[in-house]
Amino acid sequence: AAGADGTGTDSSAAPTETAPELTGELTIFAAASLGAAFDELAAEFETLHPEVDVLPISYDGSSVLATQLIEGAHADVFASADEKNMTKVVDADLVTDSPVDFATNVLEIAVAPENPLGIDSLDDLADGATTSAGQPAIVVLCAPEVPCGAAARTLITNDGIMVTPASEEQNVSAVLTKVRTGEADAGLVYVTDIEGASGDVDGIEIDGAEAATNVYPIVSLAGSSNASASAAFVDFVASDAGQRVLASFGFGAP
Amino acid sequence: MIADSSPGALSAEFTTVVGEFTLEVAVRVESGELLAVLGPNGSGKSTLLSTIAGLRAPNSGFVTIGEQQLTHRDPAVSGRGIQVPLERRRVAMLGQQPLLFPHLSVVENVAFGPRSQGVTAHAARTAAMGWLERVELADLAGRRPTELSGGQQQRVAIARALAADPVLLLLDEPFAALDVQNAQSMRRLIADRPWGTRIPMVLVTHDPLDAIVLADRAAILHDGRIVQHGTPGEVFGHPATRFVAALAGVNLVTGLGTIDGSVMAEGPRGDRLLLRGNGGGLLAGNAASAVFGPGSVRVAPAGGERIAAVDTLDPNRWVGTIAQLEPTPGGVRIVTNEHPDVAVDVPSATAVTLDLAAGSHLAFEVPASDVSVRSIPAVLP
Amino acid sequence: MIADSSPGALSAEFTTVVGEFTLEVAVRVESGELLAVLGPNGSGKSTLLSTIAGLRAPNSGFVTIGEQQLTHRDPAVSGRGIQVPLERRRVAMLGQQPLLFPHLSVVENVAFGPRSQGVTAHAARTAAMGWLERVELADLAGRRPTELSGGQQQRVAIARALAADPVLLLLDEPFAALDVQNAQSMRRLIADRPWGTRIPMVLVTHDPLDAIVLADRAAILHDGRIVQHGTPGEVFGHPATRFVAALAGVNLVTGLGTIDGSVMAEGPRGDRLLLRGNGGGLLAGNAASAVFGPGSVRVAPAGGERIAAVDTLDPNRWVGTIAQLEPTPGGVRIVTNEHPDVAVDVPSATAVTLDLAAGSHLAFEVPASDVSVRSIPAVLP
Amino acid sequence: MTTVSPRETHRGPASGPAAVRFPLWLYLPAGIAVAVLVLPLAALLLRLDWAQVPAAITSPAAIQALTLSLVTAALATATCVLLGVPLALVIARSSRGVAAILRTLATLPLVLPPLVGGIALLALLGRSGLVGGALSLAGIRIPFTTTAVVIAQTFVALPFLVIAVEGSLRSVGTRYETVSAGLGAGRFTTFRRVTLPLVAPGLLAGTVLCFARALGEFGATALFAGNAAGTTRTMPLAIYTAFNGAGVSEDIAIALSLMLILVAVGVLLLMRSWREDAPR
Amino acid sequence: MTTVSPRETHRGPASGPAAVRFPLWLYLPAGIAVAVLVLPLAALLLRLDWAQVPAAITSPAAIQALTLSLVTAALATATCVLLGVPLALVIARSSRGVAAILRTLATLPLVLPPLVGGIALLALLGRSGLVGGALSLAGIRIPFTTTAVVIAQTFVALPFLVIAVEGSLRSVGTRYETVSAGLGAGRFTTFRRVTLPLVAPGLLAGTVLCFARALGEFGATALFAGNAAGTTRTMPLAIYTAFNGAGVSEDIAIALSLMLILVAVGVLLLMRSWREDAPR
């Protein structure tokens, strides 16, 4: 199979746009927050290249995926939710090309549907502040060590306030769960997470959120047995078609 | 709450069904009296004690101590009757296994009852030491149960039972698991009754000698019913049935009374046996029985003088050839072809001297003073 | 591999140290011979068997069966010598507990040995059924061990041991945990030796009667050493020491020889006892001993005729007052104030007739035929 | 001395052996314990949007994950039995000191956060790992395969089997083994026909615990084996994926959990004879 | 009949009781079992950048997390003992059917992926949860508190205690309790002075397992209790945070794991008398 793919790759070097010769399987590792978007991207990619079979995508925390790749996990494409973990993979000599930034994400304040406490800015979450409902909001953030936590600190610092979270969660989903279950009144999560929560939470935009924009890099991996397809997928994600899909899930352009 | 120093007599009358087995008994034991219960395996002895102790509820009947009802159950009444819980019964029960608490020292074991009943630690310990002295184990007070011999453990168990100040003492084969020496010292303890004579006692045993030496009365249990009952002397001196005779380890020879007040019996081969002894009221030609112990018989080599037993109707003497030799804890038991129902025990030294072997021809003699004869009532089980 | 039908005699000579206890013995048992080993608790009987069986390695010495060395250890040589592993020894050992495999049926238990030795399932089962028939338990073949009585379990255990075709049979108190009836049937089984007479056997027992009835030779172990050894008749008929006498359950009376060939002994209060009997070689004025069984003594009420024992030097007759009464498995044992070393056993029926009690005054008589007398060598333990 | 007055008596049980009764108020903490174990699950079920359940648990992905879970947990349990019984035997027959050390080693994976267990397994068997390096030169890759799932489950479940079987071995003792050897049975025959049957109850208990733990294993698997549908995505990973995935509701995760629990209960009840032999 | 030829003999042991030996080749799987348990940890240690260790394990954050872990695990273990012993007693003294059901319930948290356990606890005790709703009206908030950590640890560790103690209770039986009642001891006295001391070995074993599990608990805690330094960030959460952290290397996570393991080994060896009473 590898030999067949190899010949396929060689002969497909010249023709461009449609590349109907792409064949084989494609294994993708993607950050958990990319879940729904990448499922759709994969489906569209398969429509474009019917001979390519995109295997079910492995979603997990970027650090878990990076560790797995370094330990020899086989994948053709790696899409990280942060640059840090991408750097780890690059430093481990696992890539051929440089990573490509393909999406951005900004934080919003997740609140219960209809925003019962009337939270409308970061200031409402500050220590000592009371919400319009008359009580202080319970706030959860990501831990500062993880990307969403680092971004949240940046925005809070920029705003010149102090926020003492009730908990520093390990990942965005945990923050989202706390808000969704009503444990917390507010949490800082990515706008895409709020899009994906299908109405279980509402999002409040944050002024100056762009200051802590999270950038998603994607790369085609060196160990790929299907280099042409993986390169094509990376290109597809960065293409207009790809960007439209990503935008529909709330991601911003790089 | 009634508080007196003599809780009163045990009175129990009940039916207990266990699986396919039915126990139906009535017993009464006075304060200070010891009733020995004997019977074969599975006759219901342990079931009797468990029901009295409250470990098992009867299907109907009652158990009372003095005025106090411990169990009452009337199947006609739909309610469940009275069943005083174990911890309120104050019935001491001692089985084959001492079941000393392994995590407590000897004195802590004995003090357990008083402590549980609210006596102060110091007073309980003092009382426990008193009981240990009475069972002659005060010097082992600090040991763990595993550091005692089986006999010592059983003595501690009885001290523990008594220290709890019971209203009734139930002993289920307390000697069975002990070696001869330890069983001996337990028997002496029960005979001495260091707990005084305030409470009724029931002793289950396989050994009729326990009944003879320790008990005031004996009851024989067979298949869930009491088949004989009386003083140990009555029961074992004149067993009413072959079963009790076998239990008592005596020979029961049944035959016909003769004119001179002897009992004439016949072996399976027609060899006759004429027995004379204490007792009487025999009627010539009527059914009569003679009872004597296998150990009361003297044995001598019959030598060459082989005489047909039928011809020499010497009372209390007979000859026979050994059919079977069985070691017994106290000697060798001889069974002859002529009278297979009559066992003869000889002590080991004699056995060695006589050089016994199957087929040996021997002469036997039993002194009239060791034989008890009586007429047999018309109907017997 | 040597394969013959008679593996040969057991020969063992070794020293085994267990903690502070040292066992130092030499024994030889021929094929088909049964050696009884007796001794008090802790004398090393179980240690002896364990060392022979290979459960314990001796500190020095050897164990051989016929030509075959099972254990050899010379402490002077630094190597560890020979210790054939258990599974290659083919030594059958049976203890107090039958230890039947609880997950196997009776016949599977018995077939276990043959199966383990590579016999086909069918052949092993057939052999097992044969053994079960020999121990009269073929009808229980399909039961689980828990469904048998203790005695039946022990019989199955012996069938299992024998079915494994052992070269040596070791029995460590196989009767101790059995009730009288079951012990009896086990004794009969060993007496019958359904396994033939091919292998040497060692039987540890507390009961000298087992030795008398079952054994060809008896050895008395005391404190890790064999103190007496011979045929059971020699050992128990003429115990060399008071210890063996007590073990044999006989009275050993030591005193001085008289001119007429009797032994004259004196009680602690000065009451004399004159004993005449079998044996002889007594020298007047020299140390001599008489041996007789407590059960050989006849007892009668002494009535009013209280005669000072010193005055009536009738041989083999004396009077005494009861100091102590002890129930024994075979009767009641009387100890008198006058001769506390002489025990007298009376059967239960007699005890009831005589109405025995402490303080009763009794007359005793022992037939000369039941007494064995001999002179005492100068030095004795 | 006191006797019992009628007012202190109580309505007794029906005829039959009187059960020993423990202090009745112990039913209170016992009830709380049951509540602690059961109420969270009950709350979960109450919160569940049942409309989503049928679709969630009949989806091919869910069935694939469940099948993978059952297969890998069964394989891991088998591995644990094959490896753990011998280890339990060695511990049970060792001297005190050795036994204490081995027993502590056997308890360690319990303490380890599963994630660290995953890192440790990668450190051993990963591409740059202690053993994994050599293996990968030989063309063998363990991480991110179904084998890796089984290894991760074995690692976390093995302690349960070892501890249960060791306890059982100790209480059985060596007496029957001695008898067996005396009857001429070789060591393996003794092991197979005597030791194993005698520890069967403990072995069964250990197997049940082991299987339950393997079925629930998540952390070490996620890192060491990855999360590839059909190969390494076991039920707990599917639940995690459903829970973490953007755009899907928690309900699917809960529905899958429910499915896992029901299967586990089924398996546990199938092994229900467990301990029934023991005295009450 | 066969006897043993000299060539079959072997060098025996020194004098003393001959140990029953199991098939020697069982050392092979036993060795593999030890390898499965130990090698991953060894690989982890080998990979560790030891230069980072001192700083990592002496950092105030690490010590705070460790202290919190030890305190919460101890509290959870105490809670498990208080609740689990009565439940074990109820199971051990129940009829077969009831016992089988209760035992299955007690095994469930083992099967549950910890994440789902966390969701379940939120569903029960969260602000909008079954019980939590009422509690929050009363001003009581459980999530994000140290109490929540203890509850999560109790939930996952309780099965261990219940199963170990129940087994022990069954093997002790009720004979001694009957004796105690016969001596006039009330139910509580019997429980305290007879039942508890007799099951002490099983209780100790269960406590050890329970403590180990509580110490290693991560998933349910992370979700239910959150991750706030000093309040709910236990060692496993600190390790996870370190591992996920941007800008820090995996080494810190491993160093913290090492610290946790060492403490656990210390505690387990302190409880070393565990099972020493049992026969070999």
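Note that the chains take the letters A, B, C, D and E in the order they are written out, and that residue 1 is the start of every chain.
We adopt the following convention: a contact is a pair of C-beta atoms (placed from the backbone, for glycine too) under 8 Å apart; a residue touches a chain by one contact, two chains touch by 3 or more.
Remember, it's a predicted structure, so these values are computed and weren't measured experimentally.
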{"item": "Shortest chain-hopping distance from subunit B out to subunit E", "value": "1"}
{"item": "Chain pair bearing the highest count of C-beta contacts", "value": "D-E"}
{"item": "Interchain centroid distance [CA atoms averaged], subunit C/subunit D, Å", "value": "54"}
{"item": "Computed distance of Cα centres, subunit B from subunit A, in Å", "value": "89"}
{"item": "Whole-Å separation of chain centres (CA-atom averages), subunit B against subunit C", "value": "27"}
{"item": "Subunit A: positions in contact with at least two other chains", "value": "67, 171, 177"}
{"item": "Residues of subunit B engaged with two or more neighbouring chains", "value": "55, 85-86, 88-90"}
{"item": "Junction residues of subunit D - those touching two or more other chains", "value": "20-21, 119, 129, 178, 181, 186-187, 190, 243, 250"}
{"item": "Subunit B - residues contacting subunit E, complex", "value": "53, 55, 85-93, 99, 101-104, 112-113, 116-117, 160-161, 164"}
{"item": "Partner subunit B, residues of subunit C touching it in the complex", "value": "149, 176, 179-180, 184, 187-188, 206-210, 212-214, 232-233, 236-237, 248-250, 278, 291-296, 298, 300, 325-332, 345-353, 367, 369-370, 372"}
{"item": "Subunit D partner contacts - residues on subunit E that touch it in the complex", "value": "19-24, 26-30, 32-34, 36-44, 46-47, 82-87, 89-90, 92-93, 96, 100, 102-117, 119-121, 123-125, 129-131, 151, 154-155, 158-159, 162-163, 167, 170-171, 173-174, 177-178, 181, 186-188, 190-191, 195, 205, 208-209, 212-213, 215-216, 218-219, 235-236, 239-240, 243, 250, 253-254, 257, 260-261, 264-265, 268-269, 272, 274-276, 278-280"}
{"item": "Contact set on subunit A toward subunit E in their complex", "value": "61, 63, 67, 82, 84-85, 138, 140, 143, 145-147, 150, 165-171, 174, 177-178, 181-183"}
{"item": "Interfacial residue positions of subunit E with respect to subunit B in the complex", "value": "175-176, 178-187, 189-190, 193-194, 197-198, 200"}
